[in-house]
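Mind looking over this structure? Questions follow.
As written, the chain order gives the labels A, B, C, D and E, with residue 1 at the start of each chain.
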Amino acid sequence: MNLDFSFFTPDVVSSFIVKGLLFSLQLTLFAMIGGIVLGTLLALMRLSGKPWLVTPAAAYVNTMRSVPLVMVILWFFLLIPLLLGRPLGAELSAFVTFTLFEAAYYSEIMRAGIQSVPKGQVYAGYAMGMNYRQTMQLVVLPQAFRNMLPVLLTQTIILFQDTSLVYAIGAYDLLKGFEIAGKNFNRPVETYLVAAVVYFVICFGLSMLVRRMQARIAIIR
Amino acid sequence: DTLSKIKETGTVTMGVRESSGLSYTLGDGKYVGYHIDVCQKVISDIRKKLGLSSLTIKYQPVTSQNRIPLVQNGTVDIECGSTTNNLARQKDVAFAVTTYVEEVRTAVKADSGISSISQLAGKTIATTTGTTSVQTLRKHERANGIDFKEVFGKDHADSFLLLESGRADAFVMDGSILAKNIATSKNPAGFKIVGEVLSVEPIAIMLRKDDPAFKAAVDDSIKAQIKSGELAKTYDKWFLQPIPPTNAKIGLPLSGATKAAWANPNDKPMEDYAKR
Amino acid sequence: MIQINNVSKWYGSFQVLTDCTTSIKKGEVVVVCGPSGSGKSTLIKTVNALEPFQKGDISVDGISLSDPKTNLPKLRARVGMVFQHFELFPHLSVTENLTLAQIKVLGRSVDEAKARGLKMLERVGLTVHKDKYPGQLSGGQQQRVAIARALSMDPIVMLFDEPTSALDPEMVGEVLDVMVQLAHEGMTMMCVTHEMGFAKKVSHRVIFMDHGKIVEDCTKDDFFGDPDARSVRAKDFLSKILSH
Amino acid sequence: MTWDWQIFCTETVTGEVLPGCFGRGGDITYLDWLLSAWGWTLSVSALALVVALFFGSLVGILRTTPDRRLVFFGNAWTELFRNIPLLVQIFLWYHVLPSLFKPLQAFPSFVLVVFALGFFTSARISEQVRAGIQSLPRGQRYAGLAMGLTLPQTYRYVLLPMAFRIIVPPLTSEAMNIIKNSSVAFAVSIAELTMFALQAGEETSRNIEMYLAVTVLYFISAFTINRVAQFIENRVRVPGMIGGK
Amino acid sequence: MIQINNVSKWYGSFQVLTDCTTSIKKGEVVVVCGPSGSGKSTLIKTVNALEPFQKGDISVDGISLSDPKTNLPKLRARVGMVFQHFELFPHLSVTENLTLAQIKVLGRSVDEAKARGLKMLERVGLTVHKDKYPGQLSGGQQQRVAIARALSMDPIVMLFDEPTSALDPEMVGEVLDVMVQLAHEGMTMMCVTHEMGFAKKVSHRVIFMDHGKIVEDCTKDDFFGDPDARSVRAKDFLSKILSH
């Protein structure tokens, strides 16, 4: 196999790759933060013990987890304009869909995290006069979050890779950048090889970074 | 309706493809190609007609799966990718007069000795998922009783790679796409386009249904471009001259079918071409 | 100070507490003992409404728990509680553990809370560890911090749920010492514990529970001095606990 | 918006609507095609799941052994396969590796995609298996060894039975994910549900109907897995322990 | 029976055991005590090679552990071990817990293993629970099953690592009773425990460890009878343990 990377000029990188990379990173960051916040709320609903909160939260999470993300993206993109009566841009649509979808996954992680905090901690919070919100916010969630950091990270790496599914609605992400460059120059093998390396470096770097961060914020036991 | 919406908002949303023969991106939000040039001319004509001093064009990349819903739901005002005008689609959307007639052909390796589709019995043929060529191939197989193995690339670059790497003996696809892939390949002399035309497809600008005023405005502009020879110039620019980003020449002369369509502007669907 | 009247509690159809009645006066030290699963932890948790109960009533300092108008968090802030497994907040430093509830619940300023917390920390003899995290302390030290944490809220009564049973035997002493000192200072205390030495030394009364019932509720001297007058179950329990 | 459900009864070449919706004698309706695509999706998923469970468990176990080299190998495996997007991995398996290792060309794309998807998922399963084993008290390993069981026997009889019980829920998610991720198989010419949706949508211009049908089938498949896993979870629940742990 | 010669062990750069030497004769009962973290568990785990060590040698029944030819699993099968947290296999019933290693390690038939296991279960008085799972038993019962499990392998020596410290005080007695009986029957035993009553009653020798070193290794009578002759650390430890 003769490989030809000569077309990979700085110009190509800046016009094809950088834009996609930025979008992927933005989308990942936004969906991660939004997803964790929303997911935590869903997890608290599911753990509340009140049927009128548990049932809708569980239904939402289970449905989202049973449908491929690309279908959710597409449905949201195609159907919401029909409901709203006006179109939503591909980007905005992607931000909203990813947040809603990832929330289902993050909620499962946060639920496990909350359950990993001993019940005695909740009792201790209450016993000191804290109310439900304070106990969750000051005692339980900080611990749940620290305990679950590695899993949250793994999910975020998946999320970063999944941003490529925005192809379905014509948004432009990192992988799309590589693919288009590959098609325009008709060098798919070379671009995919570079893509593999770039993704590996980013994702692996990310997991290293978080591993380091975790060592710093992990709970000393 | 679309014209008044354009006038009101001062913007028009153009549906574009990231990488098709007639419409592709150079990255950085730049979209170019034969159909895009045609559309830009159409839009500037419409701007003059509406008496606007400026009109912002928003580019909305579309895929073959979502382009029709996007035109239907109003996200896209004028779709300038490379969409085949056929009867099924006419139920959902409208088409402007045909701007280009695509011919489905076969690319093979130059040294393969294959010169006709009939030599492909028992061979492996590549084509791309989500294109009409797949169905064309199936029809052909059924009609002539030829049996060939099919492999489907996820996009044209993939399919071409199948041919290049020897996994497939032929690549059946729109002629313009074949020509472009060959022109930009590492060894353009190693491939050739052979054999009969498997199907003929009119390519047209796609518009929202039931908006005759807008369609008339677009049609008029295209007809004017044909008359003034501007369309032929645009064709020459994209099919016979070096094009970005690689400066390769596609080298696909104007076909008889396209000439005929220009001579007699119409929005007939693909099925009408097949009957002839 | 604490009035427990005919309290009963069920988990589903399983009755954990049956008709429990007792009261604790200001300055009194009461030890609760009994076999595992007899409902000691449950009883002590009902006192500051950590566990709801279905029948009867409890009042603390004259405030009824079953009154829907009672602000439970506010009441709990005035009742100190120490747990078997310490339940320090592992993600917070010792100082933060001591000040968190003072700031968030009592609304004290950070400085005020710190001053108060460090004073209590000094009292349990751990000032040097103020910047460590709970995980860096031994069990005995953690439990003493937990006591300091409860004390820094200026409680009117302290509840202890087996404060020494998760400790290495070597460390039991240091925690008991702090508790003895508290008792001598006149703190009202309700302690679930199996440390009979502690009960003998400082308690005024002993409550013995079995199967969710208060089986014995008598003075320390009656309990230890006259085992033959006790119920069969209590006598058996005492002999098992004291035998080895 | 109008629905056109008859489209599923249409013959795929002639475009005639067939009575009974199923084609006979070489005729194929879109419904026939849809069901066969579902079959491909399920076959790819099931086989990939087998591959993923096998390699994921193996690698996960290696990462908990006392041997440094095995741990390193396991870590490298996991990082390699989880940090490159699946679609890119598939491309490499299909287009790049065969040109480097000629024998790979002989493998049908079905086998390649099963392994590609299997290996990708094995990286995630290995994480879960490792976490499951490490969540057991250290004493369990000691207890097994102290009774004279060899290390493999300790894994087989003591650690793995509990570890797998603990990780049934995350494994369920992975099994559901594999169904969804199997859609990448279309990239290597497997006529599964996503390819069906792309192709049939293009041919019929009824994208919405096709997507709806495919979404429903994906949902049914994943949800069935979810129920089956729940059943397994209940079956293997150990008496006297909460939550099946 | 057991010979420990100049054993040293490091975790990275941290030395857990320093030059430990002692021996245990057939039929002897030796109690090991000392503060938390002093290396007691580590020492007892090196005896059946659950923890490797870097220097010195240990031999059990004449077989050297550091000899690369030694079949460690086979040796371990002949040494019974009981853990602080029981470590029964939670997914197996009591009977399965008792028979697993007999079948897989000793190669006994299922019937043989069952007969032997049930005999040991009877010995600890738990025959009625044979079909239950560990999670359905109390801590004391679980620990007795764990002892029966070790005994059913016909060990030549039994190692105990704080067998009662995770138990409710009420249940300590039932486990100690079983151990006392074993000692009286002449089993060779090495016990890490803080139960000084047990040590006084049945042990022949007491080993006191601190910071990874064997600080005292003397007869029971010397240890308890003459505290003033002991090292400062041991005396201090004894007073703490026995005070409450």
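As a working rule, contacts are C-beta pairs under 8 Å (C-beta built on N, C-alpha and C of every residue); 3 or more make two chains touch, one makes a residue touch a chain.
Composition by chain, UniProt nomenclature: A = Amino acid ABC transporter permease; C, E = Amino acid ABC transporter ATP-binding protein; D = Glutamate ABC transporter permease.
Computed from a predicted structure; not experimentally measured.
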item: Shared chain contacts [chain A and chain D, defined touch]; value: B
item: D-E against B-D, pair bridged by the larger set of C-beta contacts; value: D-E
item: Distance between the centres, which are taken as Cα means, of chain E and chain B, whole angstrom; value: 81
item: Inter-centroid spacing, chain D versus chain B (mean Cα positions, whole Å); value: 37
item: Distance from chain C to chain A - Cα centre to Cα centre, in angstrom; value: 45
item: In chain C, residues with contacts to at least two other chains; value: none
item: Residues within chain B bordering two or more other chains; value: 65-66, 69, 158, 161
item: Multi-chain contact sites of chain D, meaning residues that touch two or more partners; value: 1, 95, 99, 208
item: Complete list of chain pairs which touch one another; value: A-B, A-C, A-D, B-D, C-E, D-E
item: Parts of chain D lying in touch with chain A, wherever the complex brings them together; value: 1, 79-80, 82-89, 91-92, 95-96, 99-100, 124, 127, 173, 176, 180, 183, 194, 208, 211, 214-215, 218-219, 222-223, 226
item: Chain A contact footprint on chain C (complex, rising order); value: 45, 48, 50, 73-81, 83-85, 87-91, 100-101, 104-106, 133-136, 149-150, 153
item: Touching residues on chain E, where the partner in the complex is chain C; value: 35-36, 138, 165, 168-173, 176, 194-195, 197-198, 237, 240-241, 243-244
item: Of chain D, residues touching chain B in the complex; value: 1, 12-13, 95, 98-99, 105, 109, 186-189, 191, 195, 197-199, 201-208
item: Chain A - residues contacting chain C, complex; value: 118, 120-121, 123-124, 126-131, 134, 138-139, 142-143, 146, 219-221
